[in-house]
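Let me begin by presenting the structure, written as structure tokens, before commenting on it.
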Amino acid sequence: MMLEPIPFLDEVLKEFLREDIGGGDLTTLAVFSESERKTIVKASLHAEKKGTLCGTPFAERLLRILDPSSSAKWNYGEGEVYPEGETIGILESRLSDLLAAERLILNLVKHLSGIASLTRSYVDRVNACRPSGMRPLRITETRKTLPGLRAFQKYAVRVGGGQNHRYDLHGGILIKDNHLAVSRSVRGILETARRNAPHPFRIEIEADTPEQAMEACQFGADAILLDNMPFPVLAELVGHLRSNRREILLEVSGGITLERLPQLATLDVDVLSVGALTHSSPDAPIRLDFLD
Amino acid sequence: MMLEPIPFLDEVLKEFLREDIGGGDLTTLAVFSESERKTIVKASLHAEKKGTLCGTPFAERLLRILDPSSSAKWNYGEGEVYPEGETIGILESRLSDLLAAERLILNLVKHLSGIASLTRSYVDRVNACRPSGMRPLRITETRKTLPGLRAFQKYAVRVGGGQNHRYDLHGGILIKDNHLAVSRSVRGILETARRNAPHPFRIEIEADTPEQAMEACQFGADAILLDNMPFPVLAELVGHLRSNRREILLEVSGGITLERLPQLATLDVDVLSVGALTHSSPDAPIRLDFLD
Amino acid sequence: MMLEPIPFLDEVLKEFLREDIGGGDLTTLAVFSESERKTIVKASLHAEKKGTLCGTPFAERLLRILDPSSSAKWNYGEGEVYPEGETIGILESRLSDLLAAERLILNLVKHLSGIASLTRSYVDRVNACRPSGMRPLRITETRKTLPGLRAFQKYAVRVGGGQNHRYDLHGGILIKDNHLAVSRSVRGILETARRNAPHPFRIEIEADTPEQAMEACQFGADAILLDNMPFPVLAELVGHLRSNRREILLEVSGGITLERLPQLATLDVDVLSVGALTHSSPDAPIRLDFLD
Amino acid sequence: MMLEPIPFLDEVLKEFLREDIGGGDLTTLAVFSESERKTIVKASLHAEKKGTLCGTPFAERLLRILDPSSSAKWNYGEGEVYPEGETIGILESRLSDLLAAERLILNLVKHLSGIASLTRSYVDRVNACRPSGMRPLRITETRKTLPGLRAFQKYAVRVGGGQNHRYDLHGGILIKDNHLAVSRSVRGILETARRNAPHPFRIEIEADTPEQAMEACQFGADAILLDNMPFPVLAELVGHLRSNRREILLEVSGGITLERLPQLATLDVDVLSVGALTHSSPDAPIRLDFLD
Amino acid sequence: MMLEPIPFLDEVLKEFLREDIGGGDLTTLAVFSESERKTIVKASLHAEKKGTLCGTPFAERLLRILDPSSSAKWNYGEGEVYPEGETIGILESRLSDLLAAERLILNLVKHLSGIASLTRSYVDRVNACRPSGMRPLRITETRKTLPGLRAFQKYAVRVGGGQNHRYDLHGGILIKDNHLAVSRSVRGILETARRNAPHPFRIEIEADTPEQAMEACQFGADAILLDNMPFPVLAELVGHLRSNRREILLEVSGGITLERLPQLATLDVDVLSVGALTHSSPDAPIRLDFLD
Amino acid sequence: MMLEPIPFLDEVLKEFLREDIGGGDLTTLAVFSESERKTIVKASLHAEKKGTLCGTPFAERLLRILDPSSSAKWNYGEGEVYPEGETIGILESRLSDLLAAERLILNLVKHLSGIASLTRSYVDRVNACRPSGMRPLRITETRKTLPGLRAFQKYAVRVGGGQNHRYDLHGGILIKDNHLAVSRSVRGILETARRNAPHPFRIEIEADTPEQAMEACQFGADAILLDNMPFPVLAELVGHLRSNRREILLEVSGGITLERLPQLATLDVDVLSVGALTHSSPDAPIRLDFLD
């Protein structure tokens, strides 16, 4: 649990608890006696709609931080699809600790299951539409994550069947439009990058036009991000690029909706990166009910 | 800036920067020389749709943390409505610092402007529909916030014209269904609460039925949260409650959509609390462009 | 133990240990061999005077942080009165850990028992002097606590039978003389507060004169703090206030000594707040002796 | 200011501010507009009784943390005696920041001035009673400090004219009764200590009887703490010890009251250590008033 | 300064200061008056042997943290070679701050200049021996850094003309002997890695034998680390690998001494990684003298 | 384990882990399935040369932090000499945790064993050469430690048979050449120090010339550090000093190499302090191999 699913998780979870509990749960302290607060109670997590489950290790850990003798039973595993109307799992803990953790557990599980569910939709659609025999096509998130929640949101993308793009500015080389805006030619910037970038990284460059993409391909980019291009342009461009350098890594981004996926899935590219997975996915409707 | 808009903000912003920058911006270091990195550049924040602006002090502060000589000019003030297609503001900073802060500034401003814009819609609708002469009706968020972002999200609600519910479990007395589920009668729990709760707080209790609400009113609740009741039930109940205790504070929550607001705005209550403001508001579409 | 008696206690206790132990206990390392340091020893906490016990969970926890197999047996429970000359409890631990924790345990238990004992005197005196049939009268501390020790001192007040005032500036609305000094009329400031203050809070205002108090009562204060008024003035004023608004919450503060309590206990008010409980209470004389 | 008066002070002061301000000053936000909150105001610190001033650098720093353009003017310097009824100093700051810092400034200045004033009484009495020509006699505190406040309390002792005993368990070698209780003879424990203790430290040992003291003197203690001995015993014992080893350092502790000082000041010893300086000194009565 | 030379540097430097200064510089406080401590003094950094300078921004920053009005003048720039017997730079600061920072400045500058000097020797030797027209050959460190000092040591390698290997386990894909020891074939592990590894990274694999290297080359490794192979084996193997896949990245490590460099520099590889740069480089002999 | 071998160790070790693991071990996650990652594996620590073992409690603790069910068996104890070619110990843990901790364990154990081995050489040489009947002669380190590693390096010195000099600037009084450079006479500075220094400390002063040393001896220094003097000067000076004050503590430093030890060991002094122990000791060659 120290390294997985997220390294050094406990301190972040304690910060989250601190945010919601502050100096203590005034209501519980005011209405229950000490012995009532220690009563063992159960609560169910109930799915109001179908979704892909994400966040169970965090829910367990949050409860365990407050009450080490708490427990959780799950009817669905992390990453599994749960149907509408079913009980997802049962939490058991001291009354005061379950009341204190309840809201945070829901806030986290609903948000992450929302992301996992949306990612799962993208991945399933791609898998269904990808012509057989083609290279694998990844769905990844971007750096459009909510501040403080990146590790959690990227984990939810993996749980939903997606894969991760670079973690942060230290986790990849990606030359973007704003680098080019203040810089030399594509060729110049690529040569500088090859000289300076640490060798464990591929050198990826964003291209906003087919010309930039062809130039990047010619001058040694390891990967090209084709940003915001219409499908016909993409289709033709990918063909040219592949015929020049068969093994170059190609990524497509910009307005990748579920509706466009069947078409995009036919492109001979490696990665579709989707900002919407993390910045605007709706909560999964799950509720928590105390059981008698 | 130490206490407003959010107390002790800088440390949180530094954590956010750390999350995105980690051990350093590899790309910028690889493609620009030290003197290029120190070039002063400008970038505009551009509105792709109309919205209510939120997050400008954070954008400035983030940039100032990295580059103390950076500056920002805003065409719209915090909380103002900006039209589609306009430039919201201009940031000026060293190249490397603007490249490093760009994504985080967008992630924060887009998320918070999303919340402020949604809140503004609620508040404007209520103001438009509230019959004149009635008591003021507040729109508040709930504790359904994203972990780690509560202070920011609650601030965005205020910027959008809303008001805040209790900050955390230490910031209010609210007896909920799950307290009642394991407890005595409404009367018993209210008497215990009055004996024990710190006197600076009102004692609020959630009622799921009119009977619970009437009992709470009779036995001294300072405030009642009427949860998930249909409008006709609410309308009748509020009348009964007001005739019993004119000054009791009444809050309504559960499925409060923009569509239902015109009707709800006619109720003689004090607060409408809306979870959707913070857990699922979509990003405001804003982009950042480097200027020549 | 995670949330009670004080949430997230362990990190604070570790800071306290760090303050006293620093880079290690040089004396113990210099005079005992490794095996001597691991010897299990016992020590008693001995009461040199009668008092109200407070701090036992912290003593146990401090010792447990250093030596998880340590134990404590208490002859008196938290909050109980112990007589002069008695053994309060027995601690058992590894020699080096007991030597390292000894001073901090005493510093904490003596300070908190001092506060609890003083609070208990106030509460007992009030209970003895309050005419039967009157509303309950609370003894509370104020914000005159020692920096860094607020949670501990407020806990000790509760353990001594008192109740807590607002925890911090974020935990209550209290309009004080210094707000009024730079502001509008009582009426104006109350109207502004009612419009802006979060609804979970009562609006309390300090009154230094009967006129201010009457004005506050008239314009909707939920609670009034009557500060530094002589008894005859208080007695008459409280009568007027109650006849205007029977349920308004009334608090009295300023120079509330044990000697004045019999008189003050006859007032028809709700709260007496006493700064001296936390800023100047003398240590409870308790000593720790190693047993053979 | 980074190293003096206390190293790395700002982070501790920020923790203190955080403790009192939490998520923000609700009252000030509720009753003042943004422009009112930024008004510059002044407040005086007023002495209700004579005392020795301590804490001015902390007051300034606290205010400066919140409002970098704040200022303070002092009529009395740190460590100076101020008379009853006088204005000690004037603080000037933004309204909201002065309201936020006011309570903490008072809590700290009153507590530390209380310690400095008590220490000053001890030191002045010793200076008045010490026969001329004798070696200097120091007044020091002990480790009986309040958790989290040690650096502040020890500083206040210095400001009051006292000197400091060891800072923590890592800041001195002091073999106490509890070490002897589980150990060998005085001789054995001293030989072990001389072999193992880091050479920058004197080896001091506590003696509860004249026999222990003489043995410690004979077997090489650098310093002896004579604990809880009546004056006649002390007087005779000190003579014996000095005739054996003229330069041995002698410390006396246990029940050192102001009343006993004239007698104790005639002893040919180096140090009087006084626990009461830090664990139970009463607050100095100082109040803060806003000026028109 | 916030992001370069090392992001978020100040907090680490403060930790370093705290380690050496603790509760304050007792000696300086004991022997100098407050006004003496504030005297402005100068000190020179003097080179006892030739070396490559590294650490000047840290020296400045450390001093500036303690004394914001301090200054530094450098006769040699960061990364420049300084000759034996010369003054490297002059520091100017308050007496007490220079005395407090002196040891830490030396510890850091001497250690980092030691690493930079050693790296510079490697890089110069490679540059001198590399036949013209060959691909660039990088000198990099490894993860054999001293705990807590990785960012500093890697920076010193860059300052000495080297380049960096992966920063940490999250900053690169490197399949090592211990992965292979518990795994499938080279082919199997490479296929799994290609399926799962984030696309911004090259997939590098360590080969201990030519057979492993050839298999890795065949099954799609992006980079191969040839570990601990004798020169003739390397020479032959590199030829085979290049003829199979011209653009594969090749790294050599294991016992890369200055003596072996002329021979190794003739290999058609991209990277030589040298653990000794960071784990065992000797201090650069530099001393600090106060000037009159 | 909370206080020994280093107090509050776990947080530092977690920082070290965080430095090397960052957001997670990408390679292990990419090449092993979840069940493979949980396989229990063993690895041996193997000595490539003879040395003195140091760091075993840290190795165990690091592994235990990641995998609480991990274990370690040691063929040699902490501080024991291990021969070349032998297995030092066997670690057993989950695969993913051993892979994650491996590098850090080696970095720490190799560095600390390097220091312990070097210290052991010094101590053994002194013990072999010290004429019988003379006072004990200590080998200590100095403050020339690597930033962030002081507690570890000082511990390694003790494990190697050495003793510790002052821990930091708060852990001893040592008047150095730079204090004298800006100060009064030796006599003046010593008198000031005696008046002001806390009594638990000896007052030590550095002397660069015999004259300074004699003056320090005359005016009451408790200890003198004889810095950088040739042996004949030292030999004569020590005789003079001892004949003046038999019990004064004498320390020698400056260029104390193994070669000079036989001569230096004949001096009638108490301490030899050796900077090289911590700033430049080479790694002990130890490797970690996974076992089948």
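General remarks:
A, B, C, D, E and F label the chains in the order they appear, each numbered from 1.
We take it that a contact is a pair of C-beta atoms (placed from the backbone, for glycine too) under 8 Å apart; a residue touches a chain by one contact, two chains touch by 3 or more.
Note that the coordinates shown come from a computational prediction; the quantities given were computed from them, not determined experimentally.
Overlaying chain A on chain C by C-alpha atoms takes a rotation of 120 degrees, rounded in steps of 5. Note on interfaces C-D and B-D: more C-beta pairs are in contact across C-D.
Separating the centre of chain B from that of chain C, both taken as means of CA atoms, is a distance of 34 Å. Centre-to-centre separation between chain A and chain B, using Cα means, comes to 24 Å. Between the Cα centres of chain A and chain D there is a gap of 54 Å. In chain E, the residues that reach two or more other chains under the touch definition are 21-25, 100, 167-168, 170-174, 196, 198, 201. If you check the complex, the residues on chain B that touch chain E are 14, 17-18, 21-25, 37, 65-67, 96-97, 100. Residues of chain B touching chain A in their complex: 12, 15-16, 19-32, 36, 39, 41, 43, 95, 99-100, 102-104, 106-108, 110-111, 114, 143-150, 152, 167-179, 181-183, 189, 192-193, 196-198, 201, 279-280, 282-283, 290, 292.
Taken together, the chain C residues at the contact with chain B in this complex read 136, 138, 140, 163-167, 170-174, 195-196, 198-202, 204, 222-223, 249, 251, 270-271.
Of all the residues in chain A, the ones that touch chain F in their complex are 2-4, 6-8, 151, 167-168, 171.
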